[in-house]
Structure formats: C-alpha cells, structure tokens
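Pasting the structures in now, so scroll down.
In what follows, chain A forms one complex with chain B and a second complex with chain C.
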Partner chain A sequence: MMRGRTSLDPTRVALGALILLVLVNAWSTPNFATTSNLWNVLLQVSTVALVAIGMTLVVSTGGIDLSVGSVMAVGGAIGAILIPHGVVVAVAAALAGAVAIGLLNGLLVARMGVQPIVVTLATLIGGRGLAQVLSHDGQLVTIQHPGFELLGRGHLGPFPAPVVIMVLVTAVAMFTLRATAFGRYALASGGNAVAARLAGVPVALTVLTVYAGSAGLAGLAGLIEASRLGASDAAKIGMNMELDAIAATVVGGTALTGGRATIVGTVIGALIMQVIATSLNMLLVSYAWSLALKAAIILVAVYFQRPRLV
Partner chain B sequence: MSRPSTAGVPPDNGRPGRVRAAGARAFSTRTAAVLQRQGALVVLIAVCVLGVVRYGSFATPENLLNVLRQNSMLGLVALGMTVVILTGGIDLSVGSLVAVAGVVAAKVSGSGMIASLVAGVGVATALGLTNGVLIAKVRLPPFIVTLAMMIAARGAVLGATAEASLRMNRTGSGITWLGRGVFAGLPVPVLIVACAYAAGWLALRYTRWGRSVYAVGDSQDAARLLGLNVDRVLISTYALSGALAGLAGVVLAARLGAGQPVAGTGWELDAIAAVVVGGTLLTGGLGGVGSTLVGILLLGVIFNLFNLQGTITPWWQWIMRGAFLLGVVVVQSRLQRGFGHGQPR
Partner chain C sequence: MTGEPRLRMEGIVKRFAGARALDGVDFELRAGEIHALVGENGAGKSTLVKIMTGAYHRDAGAMWLDAEPVHFDTPADAQAAGIVAVHQEIQLLRYRTVAENIHLGREPRRWGVIDWTRMRRDTELLLSGLGLEIDPDATLGVLSTAQQQMVAIARGLSIGATVLILDEPTSSLAEREVAILYDLMRRLRAGGTALVYISHRFDELYAVCDRVTVLRDGVRVATASLSELDRPDLVCLMLGKSRDALRQGTTAFLTPPDADGRAPAAPLLRAERLQRGQKLRSVSLEVRTGEIVGLAGLLGSGRTETARALSGVDPADTGAVYLRERRLDPRTPDQAIEAGIAFLSEDRKAEGIIPELSVRENLTLAALPTSTRFGIVSRARQVAIVDRFMARLGIKATGPDQKIRELSGGNQQKVLLARLLCTSPALLILDEPTRGIDIGAKAEIQTLIDELAGSGLGVLMISSELEELVEGSSRVVVLRDGRDVASLAHADLSEDAIIHAMAEGSALAPLPPSAA
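Here is the complex of A and B:
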C-alpha cells in the first residue's frame, strides 16, 4: 500500500530538511549565516545532542529514558558541591552518580521486567528531588573554578569545548553502534528481545549498559551546562530535556519501537530543532509559536516513518 | 494470528481484570490481578491507619475533604488516562489540555457558567479527538502524537495569552461555583469526580464500549477480527481523555478564579503514576477505574501526611515519591511474574 515511500530513508529526509532549513535561513534571516551564529548553534545543540545520543542507544533496544533531564541536574549538582575537592574528583563523582541512576534504571528494566517508561518516570521525579537536596536544599550553587569553566566555556583552537566533546561522543557512539558486538546486541535486543536471547545475545547486560550509558552522557551534559552557567541550578538544568532528546531521536529516523537506530540521524535531528529555535528567535517569533512548529516537525518526521502496510 | 476464542474475549460475567485469562492460567491470573488491585488498597489502608495513629489532625472531616478536593482535578485527568492506558496507549497531552480548557473557560466566562464549561471542555475534546484520529487513522504512535500535542497545545496557550493569567469574569457567571462551591456538604469538585468515576466504572464494566476498550487493549488484532471497530474505540478514548482533562482544567480555573497558561504542567506524569500505582498495566487490557481511584487516593494521602509531618522538604517528598513509585512497580512486576503472566523484559 505504502510501497512508494519505502525508498525514503528517514535520515536522508532529515538531512535534506536540515540543509534546506540552513539555506532558507541563510537567505532570509539577517545575521544567520555568520560564523559567530553558527558556532552559537553548535554550542547550543551540544548538550541536547549528547543526551539524545544516549537516548538513541536506549531507544535502539526498544526502551525509553525519561530521567535524562533529572540526571543532568544530579550531575551538575554533584559537580558543583564537590568542586572544592578538585575538578577531577568533582567530574568523576558526578559521572559516577549519574551512571548509578542509569544502572538502577537498567537493573529494574532488564532484571525486574518493569516497563522503561515507568522506571524512568520514577527516576525523573526522584532524581529532580535528589538534585535539589544535593544542592544544599534547593539553592543555586555557584561554581568558581577556572579549570571547571573550561568544560563549558573553554576552546580547543577555534572549537568550543562542548562542540569538541559532542563530535567525539558522536564518533564513538557511531562506531559502537555500527562496528561493535555491543551495538549489534543493542539493535538485536530492540528488534526482537526473545529471538535475540535465544540467539545467545546477552540482552539483560546490553539493556543495563545502554541505560548506564544514557545516564552517563546526561551527567556529562549536566556538567557542561553547570560549567557554562557557572552554577548548578537544580530547578532548571535539564528541565524537559527528555522531550527534546526524544524529539531529536525520532526526527533523525530512529524507530521508537527499537531495532533501528542512527546516531548521525539523531545529531541531525537535534540540529534541525536547534536551527529552527535559533532562527525563530532571531526573527523575534515568540517562544510559544516555535513550540507549535516543533510539534509539527515531530509529527511530520514520524509520519514518514510509520509502519508500512505491505 | 490468534483465534477469537483464545484472544481474551471479555467474559459475560463482566470481570475486567480477567480478559487475559485463558484455560489453566485463569486461576493464577485472577489471583495476580486481585493481588495487584488489592495490593494498592492494602497499602492505602495501612497509610491511612498510620495517619490516624500518628497525626491527630489527619482523620478530621476538614482534612479528609481537603485531600479529596486537592486531588479531584488530577483524579479527572487520571480517569481519562486510565481508559487510554487500558487500550494500550498513553496520553501525554493532558497537562497542556488542562491549561487550554482553563484559559478558554476564562475567556468566555462572561457568557455564563454553562457556556464557559461547554467551551472549555469542547476545545479540549476536539484536541483529544485530533490525537485519536492521528493515532487510529494515520497510525502514528500514541507517545509521539500526544507528545507533539503536549508541546503544541502548551505553545498555543502560552502564545494566545502572552504568558499571562486570564481572570475569570466572576460577576454574574457563577463559574467559580464549580471550583469553590459546596453542595450537600461536599465540595463541588469532589462531587464532580465522584460522578465521573461512577460513570466511568459503569461504562467500562457494563457497556459495549467498555468491553471493547478492554478487548482492544488486550489485542488489537483479535479485537479487529472479532468485528469491533478498533479505530472508533481508540478515537473515543483519546477524545474522552481530552474531555476529562478539559473538565479538570475548567474546574481548576474556576477554583483559582483565573485561567493560567502554565496550569497542569507535569500532570501527565502524576496521572500516569497514579494509574500505575493503582495497578493498571501500561500494556493495556488489565486494570480499571477502581484501581486508579485507589492510586490517586494513595498518592494524595501520602502527600497529605508529608504536609502534616511538616518537616519534610518538597525535595525529599519528590525523592520519596519516586522511590515509592519504583517500589510499587517492582512489587507488581514480581507478582505478575510469580504467576507466570509477565512479558519478557
């Protein structure tokens, strides 16, 4: 019935849409095609992309991770309160704390058989509370440390540090998903968990790992945000990030049902959302209407990927 | 392809919890279903006993009515969510629809209570209907459709109000009675919720539509083979969820005396939590209105006890809510598995 559409690869559609968006904006939006603005877009997108890459890994196994925004806040909070003990301790502890929440998610999903949406909903609620408690009961914890500031505001040559991190993580994730046994396991678990288990895939371990990875990346994103802000704001960092990450994942062409995932697509998806947000902002379109447009784009993207009726 | 006879056709004796039951599994499934439902009830009773023993002010009529009134709006949203989840779907847009309905009701409140109610609920129903059509006819996943509606409806209501509250026209409209009035000694919102739950319970249990909801949640393919109009059932549940979210939004706006564009933020998560804690399965087909009522009351009473304790900061309350939700779902999944009824992973 929908045969004619099967040739449309959703990731290519997303890439085409991104190129079109950039060209239209370069032509019509004043000051869009400037170097500083393009760096700004990349800087803005870096934390979303990090979280969305983790989300893509989780979604590839057929799961979902709603807790990423709260885990970002936890990562930022741990980093902020431990910064007096040195950057290395603070960053390591923040990542470890984030991964611990991810392991809890993964254990409950993989071992207990609880649905991912419920588990990560609970850690979304509890995690946000934990971040607030850690921040000396809901205070803004300011960070003054030149070394830590490099994470969010530093540069490597002309490249902002968060963008460098994003590119590295993208490359590692692409390699992992495409060329390692773990990547194939993840996709197999998402495609058909029972068949994968019968074929000898360590499904539980794979699922556990993707949730830990997702939380680790969210923790890293939280640290970058805290570094950029110069403070850990447990009420704000990562708020609604799960929605942006899911949107980027879906727009990029990863199937929510699992078994099919594309890291490049997700980064493209995140860029599409960011370019739209930035250009609407520059055109002084209100935040409210940019939300409506965002929703429309998500729907259109999913429309192109709906299950084919053969 | 499953044959209709084994696919969980609702039995004539009308026990919603048993639609999956087949053959030798019937008994164990029934036990698991009973435990799942009664489990939350047992915890609710235990928590209430704790409240009575520890806090003198817990078992007073004022406090109990307060608990009921505070949870009435969320109760309406959770009722709609229950029906959607019974079909195996999910509705993330309810929080935004609460805001839309409240603002619409405030906008037309000059024309009287009925007009205000009809307009608010009507707009929310139309948006819920849109969700349903996109899900049933265009075959987009419920999670994504309602996520997009959540974002778009919130954007629209923020844009239309320029992010400011819209005051109700209170003179002459009488709309605030819906939120603040007292009828026969009970707060009006509580009466509305009681009626809605009674109607929902009867509809799910005794009507053709209600039985179809369970059948669709159990297996869409089987329901279709049975000759049920699956699309219509799905569309009706999302429209109903929208309508109930709209009703909650109007009652909330009436209570506050204003339609707030930020109202209902995060309610979709609270509603899902209440449904899940009550014992309705997110996979569909198992659970019901009674379970959700218990879930709402349980979360409401726990929140009330936190407040009576007075020393627990909101942040710790969040942590405890998250931990509690995790504990409940873990126990539920254990119960399910123990009776050979769980899904792999």
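Here is the complex of A and C:
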C-alpha cells in the first residue's frame, strides 16, 4: 500500500510562486516596481478575478461555466444600449440579463441533469450571438456617459474603482464560502452530491444559485470592461475569458472535481497570470511566450493537486 | 442430468490486499445442468465467476475445461474457449442494433467491408433457433430488459458458449419475462450447455436449477442436489448457522425494554403496502416509540428499498406512510428529515461522508438550517454541538477539523449517526449500522442505539447479522422478494425462526412440547 505524499497546500504554493514572480520582476524588469505599474496590474486583473471568483463557486459544486465570456459581452451590450435611460437602469438591466442566462444554465444542470460542460458550451455560443444581435449586428456601440465612466475609470481615493469592486467581491465571496450555510451546501454538493441530498441539503437550489452568481459576476465584469473601453464590443469583450478564469481557479488550488475551493487562491492565481502577462509585455517578449508560460504554470499547479492516496 | 464434468476447478485461491476472497474453492460443473451458485455478500461468488471468465487471475489452484487444463489470461481467451458470462448490468451497446451487438468483434466481412446482409441473416437464424422473436435491426436500447438479456445470451451462444454464466439475470425482470428466460435456459440445458445461475431468489433456484453450490466467506460450504436440500437448510448453509444450536448473547444489545407484559407504546410509524418498481412489491410495517424493530431478509429481499422509501430517498410509487397517525408520504429526504425521520445509508462511503470536509462540517451538515441565522452559520453553536456529540459518542479524531476520510470506519459511522441525531429525529432508520466496523466500535454503536430507543426514539434497523436482530429488536419483520412475510414478536424471536421465515415465508409454528 503506497503511503500518501506529505501534502503541499496548493494555495500556499501559489502564493509562494506569486511572491517569487513579483520579486524576480522587480529585480529584472525595468519599471516593474513602480506604483503606477502595480496599480496597472491590479486594474487589469480585476475583471478576470471577478469572473474567476464566480467560476470558483461553480467549480466547488463540481460543475463548470464556459459561458462567462459571452455573458460579459451580453452585459456590456445591454448596458450600452440602455445607457440613454440612465446608469442605474442600464446597470440593473445588464445584471438582470446576465443572471437570467445564469439561471438558464443552472436550471438545465440542476433540474434536467444535463452536463455542465454541455450546457455552458451552448450558452457560450448562443450568448455571443445574442450580444452581437443586441449590438446591431456586432457593431461597436460607443458609450458617452460620465456616470457610467466611473465604473471602469473612476477612482476611490488612490484605488481604481474596478480594484475596489474586486476587493469587495472577494471579501463577500470568502465570507459566503466559509461562514454561510450556502457555502457549506456548495462544498457538500461538490464533494458528494448523493450524501448531501440524503442529509437534506438543497442541492438543486444551491447549484442553480452558483450558476446565477457566476453569470452575475460575469455581467458585472462585462460592464466594467465596457466602461473602460468607452464602448461595448460584442464580438471581442470576454473572448477566451473562461479559460483565464478556469486557469486562475486551478492554479489557486481549487479542485475541478468539486468539494474543495479557495477564493483567496483563485485571486492569487489570477494575479500570477496577470503578472506574467504584464512583465512579458514590458520585456517586449512576444505574446506567444506568455501563453506558453501560462500553460506551464497550469500544468505545474495541476501536478501539485494530484489526488493523494489515503 | 448426470453429464460429464465440463468445467472443473480445484483449490482456487484469490487474494486481494492480504485478504483471501477465495480460500481453496472447488467447483464442478456438468454438461446439461443448471447449477446454482449462492452465498451472501462477500462470499466470493463474483470473484469465482471472474476467475472462470478470465477477468481475474487465480493465485493458486487449477482449472480444467472438458478435462483439459486451462488458464485464461483475458476474458477473450475464456470466450474463445466457450465460457461466456451474462451480467446483471447489460454489457452491450445500447445505441447499436441487435445484429451489430451479436456480431460485435466478429462482423462477417466481404472484400474487407462488413457484409450487412449476411450479418442480418445469421442473426435471424440464431434468434429463431432460440425461439426468440426479436428484430435484428432493432436498436438494442429500445428493447425491454428481458429482451436485451436474451440478446446477450444469444451473443454468448453465437460465440459458441458451452458454459453460460448468468449473474442475477432476473433482478429487473417481470414475472412473465422470467418465464421466457427459464424456457430458454431449459432448452439450452437439453442441448447440452452447462449453465451457472447466480441468484438470491429461492423460488427461482428451486424452480429451474438442478444442483447448488454454497459459498461462505470464500470457502465452498456445500454442493448438493436441490431436490435433496430443503430451503431452511439452504439458508442455514448460506449463513453458517446450525439448525439446532443455541446462541449465547454475542452483541452489546440489552433486553429490549418493552419485551412482553408491558402496554404497547404509542404508534410512531405505520407503512401500508409500500411499492416501488420490481424490488419493493408490498411491504407493511409498524414501529412504536421506544421500539427497535429489526428488518430481516436475504440480499435482494427489499430491505434497503423499504428504508429508502420511508425516508424519502427513493419514494414509493404506491402505498402510504403515516407518522404519528398523520399521513406523510415523504417524497424527498429533506421532507422526511423535517418530519422527524432520519436515515443512515448502508454505504457510508458513497452516500454518507463528504470526504473532503472535516468532522465538524460533516457532523453539522443536516442541522445547518437550524444552526444558522439569516443564512450565516453560528460558529459558537456549531462548536457546542460538535463537542457534545464527539464526547457522547466517543468519536476518536485528532480534532473536529480533521478530514473525515482519515477516520476509521467506526468513527465515520459515529459522525454520521451524530449528524442524524442533530436533526432531533423521532424515528431512526438504520441500514446496516454496524457493517464493516471493528468489534469495539460495533459494541459502542449497539449500546448507543439501545440508549436512543430507551429515551423514546423509534428505531427501524436493517441488519444481516441475525444475532444483532435477535438480541436488539423488540420485534423483527422479515422480508422476502419485496414483501413482508412475517412479523416475529420478541417471545418468538430466535435465529432459527428468522431463518425459517426467510426461507419459507411464514412464521414458525410454536414447537410442540416434546421437541428434541
């Protein structure tokens, strides 16, 4: 009988890797260790982090949400169209639309038992189409509204608005996962759905809620992107975002099989990806190399998460 | 029926991780016979079959087929030699046609391309030769289970099976379909095929089989002709009991408090004619407060199905459930929990523990709705609950935050029991609560069940261990083939009586005064 390896907590490994990356870059990449650059990294990572946090909650139930990128586009598109009616209406409607897609995902997974990867693949494709239809066949829809600009380009003191939102969402998500019954239900549903059901856990409702939440966060991220761009680009916003979100989740130590999740880890994972992208950009290394490095990091992270023999 | 020995196995040993699943088993199968292979869970039946079919390699022993020594490296080898098994779960391709399934791997070719015409024609001939009216072009998944099984058998025969092994073939069949299967089996027997028949259903064994081999704990206990062995004897062989032996108390159960002479307590649970699918045909029973009612029966008799129907896990199709004389009919587990019915599954690994979560999280899972305020878990209340139960049940762990999968089976079971108790149930339904647990923890759990009943809970306890039932229960309800066939009051309770009810389906008549 093989003995289990002493377990290296994947989140600690990720944190160590992040610190190492930052230090190496501070030393070898010109202009990396400046305040403006560090704010820039945080600003760039905020939308990925939001989507990744939603993804983490979905993954904790043993599912996956491939549609987040398209939901971002839908959120941005709805926001752009309804902006003439005021910021509040536009944002509320965009979030509602995003959540509606999430509910659709959740219903198909929880009530009809369709595999999450299949359901969210369908909404990935359909959502992208919907976003383009809403944007008059995929045109760029510019947004001129000082109130809306605050979302993506405003500041709260020295903190960029998206960073503030990211910190708030992280805190709420951490609290939800650790201290609420709902968080327990999500982990139980992902750890052993049959046992959870027998114990009276409302598995279907929990699953429905995580998909709605993931889509809601994606919608918010889409609005932030649209605000920063000053326009909704239904064809491009959120493209491949699902892959970055899944990568962040995995690197941070959340198990893709469900039952074990860490919000902090996901944010660290997102930061790792972003630091790599930023520093390679600053070093004028071609984009292809940053993709290769990301892939390597994902493989290493998954290696550390190999199931331990009990 | 005295044919030549077709398959002979001698001294077969098979070990798994140090334990002997088969410990020197002999087995002899004759041409033109239907040979039953019986034994309880873990007796070694499926291991023996897997060695016959080449799915496992034997660690020791020898095997002869038609007097030639054989050794199969893979199931394909065994099939080539004529040994084919048809499993309980249909192992064919649901989305392909009958003809394709029958010829899978041996499709007739013409110039390198599949000859569909010949395939269909061969299939038609095969099926009609067996008296089966099945369309070769029908998609397999569309056929009834019985028909699918016929196709599996036909496939085996078309490969040239001279030894056909049927593993629980009737578990999903209706009675009419079973008759069709028997007809086919008898025809095969007449043609010289040797059949091995694995089943728990006594009626079937006595209806269609010639001889029986009984396995118990990896050892062959007996081989006999079914015409010479009566049912109670067969059950005794399977369970390892002697008809006459008296047993001393071997469990930790004390004499049930309301054994005879006391006024019956208030009725707690009443179930009337529960039915679900084929496995649960009609079960009625009653549990009173403070009673431990044992639920006995052989494998496949419907005990777990009854428990799951009562606790809303697999709700009954027809029938009624009353809790304290009010109609309940739980359709989901949380409905049952809310009403005060708590269920402990027999498979704690698959249906009990959430492996990645801690002892504390597992323990408090079912009680979360009552220990939270506005959805936020009250940590203080959780800690109090966990400390109390860990002390009371003697749960051994490095601490409440240890991952539950690291605990021993006995301690895991205690955590699951604590989880149930947190919901303040009125009725506990326990499916094999002490299975797979070391002796010490077993005794502790038995004592705990006693205490709970003493404090007013009603308990419905499924157990395969007769001592547990005899010593722990105020009453035992015996199930057979999905029906309740006997209810034994404490005065009439003995292992012999339970065995008799399991075999014959009725309570023993009281012994005449001059019995030896």
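Heads up, the rule we're going with is that the second predicted complex is superposed on the first by the 303 of 310 C-alpha atoms of A that agree within 3 Å, B and C clash if a C-alpha of one lies under 4 Å from a C-alpha of the other, contacts with A are read in each partner's own complex, and residues count from 1 in each chain.
Following the convention adopted for this analysis, a residue touches a chain if its C-beta (ideal position, glycine included) is under 8 Å from a C-beta of that chain, and two chains touch if they have at least 3 such contacts.
This is a predicted model, so every value here is computed, not measured.
Student: Tell me the contact category for A:Leu198 with respect to chain B and chain C: first, second, both or neither.
Tutor: second
Student: Could you look at A:Ala188 and tell me whether it touches chain B, chain C, both or neither (first, second, both, neither)?
Tutor: Second partner only.
Student: A:Gly147 in the overlay: touching chain B, chain C, both, or neither? Say first, second, both or neither.
Tutor: neither
Student: More residues of chain A are touched by which partner: chain B or chain C?
Tutor: The larger set of chain A residues in touch belongs to B.
Student: Answer with first, second, both or neither: which of chain B and chain C does A:Gly259 touch in the superposed model?
Tutor: second
Student: Check whether A:Gly230 is in contact with chain B, with chain C, with both or with neither, and answer first, second, both or neither.
Tutor: neither
Student: I'd like to check the shared interface: which positions of chain A are touched by both chain B and chain C across the two complexes?
Tutor: In chain A, positions 194, 197 sit in both the chain B and chain C interfaces.
Student: Okay, in this complex, where on chain B does chain A touch?
Tutor: 90, 134, 138-141, 143-145, 147-152, 154-160, 163, 269, 272-273, 276, 282-283, 313-323, 325-326, 329-330, 332-334, 336-337, 342-345
Student: Under the definition above, what is the set of chain A residues touching chain B in their complex?
Tutor: 64, 108-110, 112-115, 117-119, 121-130, 132-133, 137-138, 193-194, 197, 203-204, 207, 243, 246-247, 250, 256-257, 286-292, 294-296, 298-299, 302-303, 306-307
Student: Can you tell me which positions in chain C touch chain A when the two form their complex?
Tutor: So the residues of chain C touching chain A come out as 17, 313, 333-334, 337-338, 343, 345, 350-357, 361, 365-366, 368-369, 372, 375-377, 379, 405-406, 419, 423.
Student: Taking the touch rule as given, give the residues of chain A at its contact with chain C in the complex, in rising order.
Tutor: Touching chain C from chain A are residues 1, 179-182, 184-185, 187-188, 191-192, 194-202, 255, 259-260, 310.
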